[in-house]
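Both complexes shown next keep chain A, but they swap its partner, so chain B is in the first and chain C is in the second.
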Partner chain A sequence: MQKLGDFKLPYFFNYPPYFTLQPVRETREKQIQLWKELILDYCRSQKIFTIALEEDFPLFSNPVIERSLTHEAKEVFLNALVNEGRAEWMDKHHKKCLILWLRIQDWADYIINFVRENGFEDSVMTVEDLRSGIETRGTDLAGIDRGVLVRALKLLEQKGKVAIFKGTSADDEGVKFSV
Partner chain B sequence: MRRRPGIAGLQSAAAARDQYRLVGENVAKIRADLMKEQLATFRSHLEEFARKHKNDIRKNPTFRAQFHEMCAKVGVDPLASNKGVWAELLGIGDFYYELGVQIVDICMATRSHNGGLINLQELCSLLAQKRKTAREAVSEDDCLRAISKLKVLGSGFEVISIGKRKLVRSVPTELNKDHNEILEVAQVQGYVTVEQVQKALSWSSGRATDALETLLKEGLAMIDDGHRDGKRRYWFPCVAPISVAVDLMA
Partner chain C sequence: MASSSPWLPSAALTDAGRPVFLPGEVERHLVPSVDLEAEENPSLLHPPLRARLLALTSHRLIWIHEPSSSARALPLYSIVHAFPPKKSLRSIFAASSPRIRLQISLSDASAAPRGGAAARSEVITVVMRGKADPDVFYGRLVEVLRSKAWEAALANEDAASGPGTGTTGLGFGGSERGGGIRMPVVGVSGILRKEQEMWESTDKSLNDAFQDLNALMSKAKEMVQLAEKMRLKLLSNSTAQANSNDEEMGSKQDMQDWLLSVGIVSPVTKESAGALYHQQLSRQLADFVKLPLERAGGMMSLVEVYCLFNRARGTELISPEDLLQACAIWEKFDVPVMLRKFDSGVKVIQNKSHSDDEVFARLKSLAQKPDALRKGISPSDAAFTLGIAPALAKEHLLTAESKGLLCRDVSPDGFRFYINLFNEIDSDNIYMLKSHGLFHTWASATAVSG
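Take a look at the complex of A and B:
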């Protein structure tokens, strides 16, 4: 089976018609379903948060069978994810898409779990620490999109589980957990 | 015989006819009795055979197929009833019902991909995957037998032959001759273009397009506009190489 790096591609990736938008409704629904799952799985495994439609994206073309998705097809598949709350368009013209392989709520839960398991209750960390610090290395938080992280933290703030405050340096914020 | 006149003549002719009839009936009766006896012997022998080779029949698909063939030749259907002596003897009734249910499962799971038409070979290998834990091996012959049992459900399970291949149909779509011919052409590469169909079958482009569009609407074909030459290809998952549907089952 074909691989992209260490990612195992599904069999349909080698079947040419899956790269053409299918005109028949039922067939198209199945096609969209398969692509949605593939995009989420791939982004999760590679920790990808944004897809730019006009740039090369390894998932959207298969050199082995010489097929690529058209712009329209990419937009249809991503739109399907957007409708399910698993992705968001980052601009009006649908050129960039934010992929939420974990929803904001799931990220919030993930952070709480991380805090509990590592004994950071009542500690203070910076947002940058969470993204790239040694503490989160090896977890899904490592390399998380900053915007996604901040939104998850804001959600937790609303629930009173963290307090966000401006740090000493202007470009970073501190987080105090009170789980 | 010299014709004798009068009532006596008529009477003796009638008497002779009666005699002939009696003799005839006797002969027929003797034959029927003999036949019955032979059949009874045969049946008991067959049962004995089945009992003796029960394990082989259950475990070995080739042997099972041969046993079925033998039964079919003498007009015995071991699967006719789940309560019959055969089912009790062999338990193979249940085996085929179980197989039937699994076949329905697979057909449903792959339907959105192949439109309800699946290659028998592919069905078998998916079946083998599904039955990993079951001890008995399953052959194509077993699949065909189980499918023939599914017919009573009236859901349109049917095996059709396209060229050398056998396909299992699980949707009520009726395929006409044109469609079958296209599927046969498609077997070579897994896809066809309108041009290829025209050329291979000497059809007009209208006829080819019509038939292909129907197959598309039925979900049996998928279009592919991505080839360099810009010609639309119609792919048929039901004749595609085995690997395509495998991860659709997961």
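Take a look at the complex of A and C:
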């Protein structure tokens, strides 16, 4: 099986038609389905949050069979993720796409679990601590996209599970958990 | 019905409803909505023929009943006199249909063309219910009667079969296709020698033919007849000479092929068919394409048909628009061929019985060969396998793609098709490889290639 770094690629990655946008509806639906699964799997394993359409993205080309996706195809596959709520366009011109391999709600649940498992109830952390501190090392929170993290925290704030306040430094915020 | 009027026997029609012509017979004029009555002696024709398509040929008057694909024919030799359409005051008003009366001679003994002693005379009336001009029809009829084209055929028959041979079914001439060719010819070389002599004598007529265009047209007809005769000779000989050597057989086959494509003796023209032109052209085309279609595997592009058809017509060429119109009218007739438009807009002619399933099955097995699993198939690969033109093969590939059998691969290397694996893959577990099935076959084939 072919690999992309430490990511194991599925067998059909070497199937040339996989890289050509199929015009027949049923075939295309199946193709889109397979691309959605692969993009999410890859981003999850590589902790990738954004895909820039105009930059090289390893998954979108296969040097072994010398095939790569056209811009149109990339947009179609990402759009399919957007329609399912698994991705969001970050700009009007669809140049960058935010991949939510966990939905915001799932991230919120993940944070709560993390807090409970590590005994951080009623303690205070900064947003930056959550992203890059020692505490979160080895969890999915390490290296999380800041925007995604803040949105998950805001969702928790609405439910009264955290309180967000301005921290000491100007560009960082404090989070108090009250689970 | 035919038995009650032996003087008006039924005539053979082709599958598409065109009259089957006798050797040397040429269509001269067509009139729609024509009745035939026997006013003076109603017992002669009972019931009268109503609303038929009347075809005037050099040999016969044929009343064609299109709904039932049947026809009755009056051999022209039995017409003693044709009365001109009456110019009465009444006929100026639209109320009455033009009538042309024909005096015919019937011999009671049989329909023998060379007249027995006991001939009697009757008068029948051709009633033109349509808008056709009776004077034009009458003019043509007189012209044809005067030229007595059937006598040439009769002379041929006399030479071929000798006196005493009875006439048969068609009521006139009875010239089976073998009519003029039963003379003893020994071996293919014999034929070729004979043809050589014939060509030499024809050489002179060829020179004459170029004198002016009219002469060319009349000579062209002779050329077609000549070709037709040669073909028949070769055909009849092929049965008698089964043991001639291979080379001879080969050259004979070649010659037959050439001659086959010369074959429309009486092309439908605007002049002869008038308003019925496209309709009749359509029927003739339906008859004509049957053989080439069979050879081409049931489907041909319009361009191919256009070339073949015009080549067979010789001098009476038709325009591409005429061809398209003729094909478009097929829907209205019960003919075994149809015009088909692919999604891409390419138009082809195909047998109604032609089924895409067989083509799909062949494409599917082609796409599953190890090489095709690795590299896909191009339209020219498919054309080679199916034995058809690449443009047509591409249409088949696209149709197979739209059915979900194949899928495409567009790359700098070109446009190729692969067997469709998408449905073989489990989208819940995209990394799984089933231990059998198409996907597995594909994976093993590509693994070997490295």
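By definition in this document, the second predicted complex is superposed on the first by the 179 of 179 C-alpha atoms of A that agree within 3 Å, B and C clash if a C-alpha of one lies under 4 Å from a C-alpha of the other, contacts with A are read in each partner's own complex, and residues count from 1 in each chain.
FYI, a residue touches a chain if its C-beta (ideal position, glycine included) is under 8 Å from a C-beta of that chain, and two chains touch if they have at least 3 such contacts.
Source: prediction; values computed, not measured.
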item: Combined model on chain A where chain B meets chain C, clash or fit; value: clash
item: Partner chain(s) touched by A:37 [first = chain B, second = chain C, both, neither]; value: second
item: Touched partner set for A:27, first chain B, second chain C, both or neither; value: both
item: Broader residue contact with chain A after superposition on the shared chain, chain B or chain C; value: C
item: Contacts of A:123 with chain B and chain C, given as first, second, both or neither; value: neither
item: Touched partner set for A:10, first chain B, second chain C, both or neither; value: both
item: First, second, both or neither for A:139, with chain B first and chain C second; value: neither
item: Contacts of A:67 with chain B and chain C, given as first, second, both or neither; value: both
item: Contact residues of chain A, present in both the chain B and the chain C interface; value: 10-12, 14-17, 19-20, 22-24, 26-27, 30, 66-67
item: Touching residues (chain side chain C, partner chain A) in the complex; value: 376, 401-402, 404, 407-412, 416, 418, 420-423, 425, 427, 430-431, 433, 439, 442-443, 446
item: Touch list for chain A against partner chain B, complex; value: 10-12, 14-20, 22-24, 26-27, 29-30, 66-68
item: Sites on chain B touched by chain A in the complex; value: 112-113, 115, 191, 216-217, 219, 222-228, 233, 235, 237, 240, 243-248
item: Residues of chain A that touch chain C when the two form their complex; value: 1, 8, 10-12, 14-17, 19-20, 22-24, 26-27, 30-31, 33-34, 37-38, 41, 66-67
